[in-house]
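Dropping the structures in below, format is structure tokens.
Here come two complexes built around subunit A, the first alongside subunit B, the second alongside subunit C.
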Partner chain A sequence: MIGIDNISKRFGSYAALNDISLDVRSGEFLALLGPSGSGKTTLLRIIAGLEFPDEGQVSFNGEDVTGLKVADRKVGFVFQHYALFKHMTVAQNVAFGLSVRSRRQRPPKAQIRARAEELLQLVQLGGLGGRYPAQLSGGQRQRVALARALAVEPQLLLLDEPFGALDAKVRKDLRRWLRHLHGQMGLTTIFVTHDQEEALELADRVVVMDHGVIEQVGTPEEIYMKPSSGFVSDFVGETNSLPVSVVAGRPQFFDRAIDVEVAPAGDGPARLDFRPHDVSVCGEGAGCLPVLVTGVYRRGGDWRIEGEVAGVDKPLEIDMSAASSPPQIGQRLGLRINRGMLFAEGVQQ
Partner chain B sequence: MHRENSRPAARYGLIAVAVLFLALFLVLPLAAVFGEALSKGATAFGSAVTEPDALAAIRLTLLVAGISVPLNIVFGIAAAWAIAKFDFPGKSLLISFIDLPFSVSPVVAGLIYVLLFGAQGWLGPWLRAHDIEIIFAVPGILLATIFVTFPFVARELIPLMSEQGRDDEEASLSLGASGFQTFWRVTLPNIRWGLLYGVLLCNARAMGEFGAVSVVSGHLRGITNTMPLHVEILYNEYNFVAAFAVASLLALLALVTLVLKSIVEWRFDYHRGGAGH
Partner chain C sequence: MSSPLQMPAPGLAAETRGGSRRSQSIIPGFGLTMGLTIAWLSLIVLIPLSTVFIKSAGMGWAEFVAAGLSPRAIAAYKVSFGTAFVAAIINAIFGLVTAWVLVRYQFPGKRIVNALVDLPFALPTAVAGIALTAIYAGNGWVGQYLEPLGIAVAYNPIGITVALIFIGLPFIVRSVEPVLEDMSAEVEEAALSLGARPWQIFFRIILPAILPALLTGFALAFARGVGEYGSVIFIAGNMPFESEIAPLLIVTQLEQYNYAAATAIATVMLVASFAMLLLINLIQAWSRKRMDG
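On to the complex of A and B.
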């Protein structure tokens, strides 16, 4: 288990991490999710020992490793741009971690070679050991970097934006494969991403970060369904926002009570967030939200409706089943919000 | 493509100007040097470059280059490493200092050392008291040469190492390599062509430097004369054949450097191009 206790890190006057605490369970697949500048990569590099915190402690299995250098932490680190050694062949790259060991700990040459080939088989690049990194595609390079990191048999695998530099199709394939590999090897894996879809699809738990602090830690389900702040709701998944005021625990939009299932909140100004698919059409009745349809297009199996609500700047986005016929542009609809989330206005970013 | 082909006259005109210029200012003088050196036959040439003073000058030049170039490799790599891979206060000042020898006249560089170590200089009395000779001796020539050639290696490596970033080194360290292994097996191979290029330029300058060395050498024949200084003395003595014979050796060095430089540039480009994304 990895413990991160009250870590702070500044770069000059810029606070990259502000009193971060987090426990990572053994065997877990954990995503650090956040926009650029949120501190997620700094946190990953501190766990690796490539960066050192100004304050706080990092421990592996209860043992304090805060002062240990990266070489002594037994971690595998995969860089965003792979950082393959371009003057070495793929096999030499993979074997690097074994070949730099001191003579007493170093396996014999033939064994190193066999191990490199074995790892290349594992990442489905068997037989390509003689090539140079420049002769490989982006996805292949990524897998070489992974094999190289796995060669030193790390307890912990750290990946910095592992799919950032790849095109969409390769990214999707590699994601599944990595998830599979994680399960197969029984590693603890932490990866950094700014792509919420990637985090939700891959991770056992997601850590959402912003401005050097952790906004929320939870399973993808919890993060998506029960975001703890306006920022998380906005950053993870698609969200519509209505400015409301809470009166007696119920949201009101310009004096109109909104009939919505929400966890009750304290009275005062607030933000009502809801997902595009959490709405249904209702009549003109009380509790329905009047919307002017300004755009309709197909999005997979749904109609995506764009609509304007008086008093809200950003158009709403609503999904409706494509089984029904779509509304027309210019039509007025009454919307019922089936499920929403209330955030007191002070929390909003 | 279209533009290149649409105006052949302009293109050939420019090429002609460039070739003519090169012929007039480079090829012709170079040919004159070799022509004059061999004007009294190969025997005169041979005796001119093998007489004791000439041999002493060649030996001194090789000695100075042999010491200053390795030192500047070490300084250059250290400085480039520090500048390219770390942030520290005074970094831009350090870069300016590295450029100083390029912006200062070599004569001034020589005078700085006379001012410091000369008989009337700041440290002169102390040096004389301890029987240490620097000015008008080999150490002075060495110092002046190191000063003048300092920027070549560092200047070549700084942009290269900045571009490469720290990822490769961090990857190597994360795989358990020591600092020395990382330098030897990752950093050095990454910069080898740029380094070789810098070394060639540094060496050519170390052997060919005149101004700074002239100030501190004292022109003692057979003792403190490097090849360029020896050429000047012979020339001033109207010993043209001998002067041009020694000069032709320097010119030969320039040509060899040029060829090696082209080969290195070609390899360098190949590696950069081949290793790109």
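On to the complex of A and C.
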């Protein structure tokens, strides 16, 4: 188990991390999700021992490792841009961690070579050990980097935007493969990403970060369905927002009561968020939201409809099943929000 | 590639039409710039150097050997190439350290240190030679402490080496610097995370990566050292068979109106230098190719 207790880190006057606490369970696949500047990479580097916190403590299995350097923490680290050793062959790259051990701990050469080949098999690059990194594709290079990190038998695997430099197709394949590999090995894994889709698909639990603090920790289901703040709702998945005021626990949009199922909130100005798929068409009746259709296009099995609502700057995005014929541009629709989330708008952040 | 007069096969027409005419590069100006390069190199380098060969071709083979490979000339080559080689090696080590400090660390006066590195480029070499002689001579600032230890620097090959180290330093520093700057910190962090110790990272990760650049700097410093004249003659002592460099021997022959001998020595130096530079270039190309695939 990895314990992170009250970690703070400043770079000059900039607070990268502000009093972060987090427990990572053994064997867990954890995503640190956030926009750039949220502090997610700094947190990962502090866990790795590549960066040291100004305050707070990092522990592995109850043992304080805050002062230990990366070389002594037994972690595998995979970088966004692979960071392979260009002048070494793939096999030499993978074997590097074993070959730099002191003579007493170093396995014999033949054993190192066998282990490297075994790991290359594991990452499905068997037989490519003799190549140089420059001769491999991006996806292959990242798998070499992974094999290299696994060679030292780390107790923890850390991945910094591991798919960030790859194109969409390769990214998707590699993602599925990594999920599978984690299932096989059960190694505690933490990865950093700014891609919410990646986090939701891969992770057992997601840690959403912003401006150096943790906004929410939860399973992908919890993060998507029950975002704890407007930021999480906005950042994870697609969200429409309406400015509303809460009167007697119910949201009102410009004096029009909106018929929506929400967790009750305190009276005052608030934000009503809803997902594009959480709406249905209704008549002109009370509780329906009048929308002017400004755009329609196909998105897989759905129609994606863009619509304007008087008083809202950002156009709404609505999904409707492509089984029915789409509305026309210029048409007026009444929308019913089936499921929404209310976030009190306190002081503007 | 088919000649423009042949009719291309129908299926290949589109390909051939686009590809066979003139250069395939989309960056224009190859013809013009290559022409200028060849004309310029001929005017500045090839024609002057070829006169050396033409002049020495005028003499018979026996005469050429007698002048160009005389015991005194061979001793001079040994001094020239030997001191240049040692100086380039010492420069490679300390130049690398200097470049390292300049790239990796921030310290007050960094700009001044940076400017100091280039000074040997700008200073008249004779000034450097005289200054070094004054310092390292038996009664000089440094020489007076070395003399009691039995170390004489001035007026022997050690002095020549010192002068060549001075001359060659910027070549190493300026060749290695950009490559060191380009090295990503991630690669070193990756090595650290795999348990490598700092010295292992230096010898197994950093040094191989900068080796081609280091070789370039070495070749430049070495070439410069072989041809250096101005700074060396003051500190060398210029004793034939001992501390006489080949360029000085050429000048000596010229002063005695012995033009044939001078060109013969020049030819030998030219061929030897070219062979060495070519060799270093080949080693470089080999180590680059390995890395860039």
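The definition used in the following text is that the second predicted complex is superposed on the first by the 346 of 349 C-alpha atoms of A that agree within 3 Å, B and C clash if a C-alpha of one lies under 4 Å from a C-alpha of the other, contacts with A are read in each partner's own complex, and residues count from 1 in each chain.
Quick note on the criterion: contacts are C-beta pairs under 8 Å (C-beta built on N, C-alpha and C of every residue); 3 or more make two chains touch, one makes a residue touch a chain.
Computed from a predicted model, the values in this text were never measured in an experiment.
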| item | value |
| --- | --- |
| Overlay on subunit A: subunit C relative to subunit B, clash or fit | clash |
| Partner chain(s) touched by A:L272 [first = subunit B, second = subunit C, both, neither] | neither |
| Which of subunit B and subunit C A:K69 touches, first, second, both or neither | both |
| Which of subunit B and subunit C A:V100 touches, first, second, both or neither | both |
| First, second, both or neither for A:F79, with subunit B first and subunit C second | both |
| Which superposed partner A:C288 touches (first subunit B, second subunit C, both, neither) | neither |
| Touching partner for A:V152 - first (subunit B), second (subunit C), both, neither | both |
| Single subunit C stretch clashing with subunit B - from 2-10, 56-64 or 128-136 | 128-136 |
| Set of subunit A residues, in rising order, touched by both subunit B and subunit C | 48, 50, 69-71, 75-77, 79, 81, 83-87, 96-97, 100-101, 132-134, 148-149, 151-152 |
| Residues of subunit A defined as touching subunit C within the complex | 48, 50, 69-71, 75-77, 79, 81, 83-87, 96-97, 100-101, 132-135, 145, 148-149, 151-152 |
| Parts of subunit A lying in touch with subunit B, wherever the complex brings them together | 48-50, 69-71, 75-77, 79, 81, 83-87, 96-97, 100-101, 132-134, 138, 148-149, 151-152 |
| Complex interface listing, subunit B residues touching subunit A | 167-168, 170-178, 181, 185-186, 189-190, 271, 274-277 |
| Parts of subunit C lying in touch with subunit A, wherever the complex brings them together | 184, 186-187, 189-197, 200, 204-205, 208-209, 287, 290-293 |
